[in-house]
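Structure first, commentary second.
Should a chain be cited, it is by its letter among A, B, C and D, assigned in written order, with residues numbered from 1 in that chain.
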Amino acid sequence: MLIVMDKKASPKQIQQVVEAIESKGYMARPIPGGDRVSIGILNNKGPVDSGLFISLPGVKEAICVTRPYKLVSREIKPDHTLIKVGAVTIGNGHLTIMAGPCAIESESQAMTIAEKVKASGAHIFRGGAYKPRTSPYTFQGMGLDGLKILAKIRDTFDMPVITEVMDNETFDLVETYADIVQIGTRNMQNFSLLKRAGKSKRPVMLKRGMSATLEELLMAAEYILEAGNSNVILCERGVRTFVRHSRNTLDLSVVPVIHKESHLPVIIDPSHAAGKRDQVIPLSRASVAVGAHGLMVEVHHDPQNAMSDGAQSLLPEQFDQLVKEAQSLFKIVRPR
Amino acid sequence: MLIVMDKKASPKQIQQVVEAIESKGYMARPIPGGDRVSIGILNNKGPVDSGLFISLPGVKEAICVTRPYKLVSREIKPDHTLIKVGAVTIGNGHLTIMAGPCAIESESQAMTIAEKVKASGAHIFRGGAYKPRTSPYTFQGMGLDGLKILAKIRDTFDMPVITEVMDNETFDLVETYADIVQIGTRNMQNFSLLKRAGKSKRPVMLKRGMSATLEELLMAAEYILEAGNSNVILCERGVRTFVRHSRNTLDLSVVPVIHKESHLPVIIDPSHAAGKRDQVIPLSRASVAVGAHGLMVEVHHDPQNAMSDGAQSLLPEQFDQLVKEAQSLFKIVRPR
Amino acid sequence: MLIVMDKKASPKQIQQVVEAIESKGYMARPIPGGDRVSIGILNNKGPVDSGLFISLPGVKEAICVTRPYKLVSREIKPDHTLIKVGAVTIGNGHLTIMAGPCAIESESQAMTIAEKVKASGAHIFRGGAYKPRTSPYTFQGMGLDGLKILAKIRDTFDMPVITEVMDNETFDLVETYADIVQIGTRNMQNFSLLKRAGKSKRPVMLKRGMSATLEELLMAAEYILEAGNSNVILCERGVRTFVRHSRNTLDLSVVPVIHKESHLPVIIDPSHAAGKRDQVIPLSRASVAVGAHGLMVEVHHDPQNAMSDGAQSLLPEQFDQLVKEAQSLFKIVRPR
Amino acid sequence: MLIVMDKKASPKQIQQVVEAIESKGYMARPIPGGDRVSIGILNNKGPVDSGLFISLPGVKEAICVTRPYKLVSREIKPDHTLIKVGAVTIGNGHLTIMAGPCAIESESQAMTIAEKVKASGAHIFRGGAYKPRTSPYTFQGMGLDGLKILAKIRDTFDMPVITEVMDNETFDLVETYADIVQIGTRNMQNFSLLKRAGKSKRPVMLKRGMSATLEELLMAAEYILEAGNSNVILCERGVRTFVRHSRNTLDLSVVPVIHKESHLPVIIDPSHAAGKRDQVIPLSRASVAVGAHGLMVEVHHDPQNAMSDGAQSLLPEQFDQLVKEAQSLFKIVRPR
């Protein structure tokens, strides 16, 4: 941490800051500049709370220099994390396609879609059994019955399944049926849930919060790793901005920065970002081109009658075409 | 809902939309305009999923006309909700001041601060026992010991207490000790927690999510009311924007709109919005002036050594001055 | 426009709105709904000002149904606009690469870079002669001398040039030397400049404002077309959001929506969005994959000593590799 | 500036950065930390371009420590700037009310409103003669005729007038008629216009851009001061965020930070921020309470027939009430 003093800070004020730093067991190193003094804090183990110093007289601001995350950091673990789920590997060098309906609505709906996405080349089946919904009056998911349908899909089509967990009460259950447990956008900083996920044997896909910074996303993942589970997949799904032509703004710039800062794989969900089918295909192409390790795409054979998110679900034939294009694009951009 | 057609939509396409609407049991009413046709959807009970129509050929967009919330809406309950906690009333005509440290750190710290804020005129004591922290490596709160200290403060100073609940596992415990249960920003759309809060006997203060729209905030409150608890206090605490001179951007415009849309009281937390002590006092004044029903302010007698959020905590003497000003301002702007 | 009434609006209030609409020469069509009445406004030529009605008693809100833009709209001109500059065509079916330094710094700097980007396959040379700078104390561009260097580059390398115009005073001059005139982000709603650009014989590249909605961007283009110049290229260069890991957030979702709403070509500038070299290459790939008609990329042979934007400039060998990849990606995603 | 190195940066890479810093004539001071080295840059006059260093091998990031603005900074000029316009003083200790219609529509409209706002206690009359409009098809202002009406108002009511200038072509004219020249939101970084404003004899009110940071606003003001005009008034008018219940989000937190960073006065325009009349009064109260030096409010005696912004204009009787409240609030919060 660097404490920046006012231009007119007195020597006594500077001395007070130095003493405050030293009283915490850190080392203080004043750096006289052209028009003001800054004071570096050294020898700290772990994060320093800027609040300790920012309100001292003569202090202009406190600037964080180091990163607060450790276990997720590429500086600590330079090699890529590869996550194996059955025969599928997620991470550097692989393009993993997850596809399926927003929600499991019935066995026949789910099986129909699963058969189609499998045939098109999807690696993992997605489908919600517990659904976080903005309104208490809309469909909340099939619950345990939905989980059982997912298990049947895995067995029938030899395809791992991913589904969302919403709370600690149902975590055991979800974990029993799912190959990958998903933590949703609205729960990215549900720290109780993150701690529980850290004790799971299953890989966890952690979706970025609607307005989470990259640092907050990585710190949320840090909770899971710190609690013992190092199989974490990050997922970008659009952030909230002033923009109104798409539901959220897909932040593809996060992908190269994640590659640089962390060893964890990153998947893109263009369906939720776009909110409209027309945008899903071009954004999927862009997601592969920017270097993501995979896509999560909503597909429905009868979107007009879908119980949720019909407007953003691809038709199976659109998805089929998309997988072909994605694989072609991936050949060009894949790391060598 | 209003379905807007393309300028060049054919009569057949318009007919298809009409049929799709009617097949759901709604009534369709086409409205020929100057250069395009729109189609109104009537006779719907509850929200209509725009996804059902937006992907039909010839449809340009679907516009929501009605509000999705019911129980929280002033259209349904025109009179103000007043919430009584001990001798304190929260809501229209009252200015309620909640104050205390970010976190309960020890009995002596909490008692010292409680005595001071009580003397200055605070109505309710705040203090965190379970702390949601971005980093797993920072202080996570005293837990049950913190709750017990809160109970002692209530008994000693005859002051109701408010504290945050982070998960369903600890809800029973928190509810036992707290007079008002707080749901934090990061949990605003933790729907399992909202449903549990709906079964509580305690009033619930629901903080707006970091990038929640007003509609999402009201729908989150709707979850609590729908589950049976109508004593909900809304809390604005700043939203995430591009701005960097304050930690979050306090959105005071939400206050008059909440007054118009909902009967629920609204409290402002300027401490978390600002993140810096210098901004807390002017933003508190503005919060009273804009018509909020109260303030929640962080106060610490020794902010340099606070375990969290020291930089934004007021000193007791600053708080004392603030309460006086707030009461003076409230006399001018209070509804008559 | 649709006027939505309060649930409890009285018949008299509804009648007042109808009369207000008719007094403006429009037609009013009330639409009784399940729980409230809406009133459609018909027969309007041009935009209706919602302010005329929103403050009448009993009115809840006014919703715009039609689009305010005309000449830029694909509903009015369904076929793609193709813009020819010398031997280069910009628009559907083409991938146009514009490259060069942020600023023209000297003849030798510009000629060195021009030679390299031409050899790598760039179609158009970019370089600023008049530079909009946040600080009055930093390099403001070479002005006329810079324009003359651009002219020399065009003649030497047989390459059209694009450069920014900052005001009406220098428009004649810039127009004389440039093949495409660029209007920068900060001037997107400088309406005097837009009107002047509408009288230019040169194609105009209009960059999206830092927080402009798509509608505002298209309306700014509408100013140029309305004044007589239909050769407008739109440019996405990142928007301002809460995100801090990149300078701006590149909004690639705007590309498919522009394709749908407008016939104008769209170019992506990933250099300004990213602000950091590491992100420029992956974002360029994504820009091609999402369906943009071209890229504008900053290249510098000696970025350490660049007078502006060195950190985001590609080295010539990076650019060479990028052009190859971009062309490969374009073959896969180009419209057929 | 502080250059932060990677954890694994080699001594040779550190040495290269030191040399790069010294080659620019600055002094480099390496600061060894717990797990990485940072390098302070000293002895720089004026801003350092981070681009010069950020792309060197082993560099993680570059952090700006000093502020880029000078003349507007309170560190350089600690005493408040007071601006006198006729008998009115704007700045610390004063609450200045500017009021009038969005646009001058006719002599009778303007005179009617001027008489009313004068009677209610407004100090300065506002009204647009040149109007920046999103659409080329809407009313663009009366131009010179509007300016002449403003002059008549000044003479008749002994009230200074403020009006917007849109370009350098009309600057001479506007300056001749106006007492304060306003630069609008969309032109905040129209640097040619700022330079011209710097040569004006009139005070300039500079409105914050829709997504301008405080630093950018202050740097835009710096352009005007640097060119010779030190009479600059800053104006907050709402920023663009994800929020939809108000047109823009009024950022009141900027007021205390401006007071701290700069000696220039700051005025709030709640009318444009809100976009709806209902919000203007509470936001005006909050603006006074937060410590602004004044308000700019739109007032219209016949908003239903206003040619622009009718929905956000107060009625004269509402304005009358507002002025009374504002003065009462100001007595409580004014600096002593």
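Note that a contact is a pair of C-beta atoms (placed from the backbone, for glycine too) under 8 Å apart; a residue touches a chain by one contact, two chains touch by 3 or more.
Bear in mind the structure is a predicted one, so any value in this text is a computation, not a measurement.
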> Greatest Cα-centroid separation from chain B: which chain?
Replying inline: C
>> Rounded to a whole Å, what is the gap between the Cα centroids of chain B and chain D?
In response: 31
>> From the mean C-alpha coordinate of chain B to that of chain C, what's the distance rounded to whole Å?
In response: 38
>> Report the inter-centroid distance (CA atoms only) between chain C and chain D in whole Å.
In response: 25
>> Residues touching two or more other chains, restricted to chain B: which are they?
In response: 211, 240-242
> Can the chain contact pattern be summarised as a line, a ring, a star, a complete graph, or none of these (other)?
Replying inline: complete
>> Quick check on the complex: what are the chain D residues that touch chain C?
In response: 20, 46-47, 49-52, 54-56, 68, 70, 132-138, 166-169, 186-193, 209-211, 216, 219, 222-223, 226-227, 240, 276-277, 303-306, 308-312
>> For a test of understanding, state which residues of chain A touch chain D in their complex under the given definition.
In response: 2, 4, 6-8, 29, 31-36, 38, 40, 42-45, 63, 65-66, 75, 211, 240-242
>> For a test of understanding, state which residues of chain A touch chain C in their complex under the given definition.
In response: 211, 213-214, 239, 241-246, 249-257, 260, 273-274, 278-279, 282-283, 285-291, 325, 328-329, 332-333
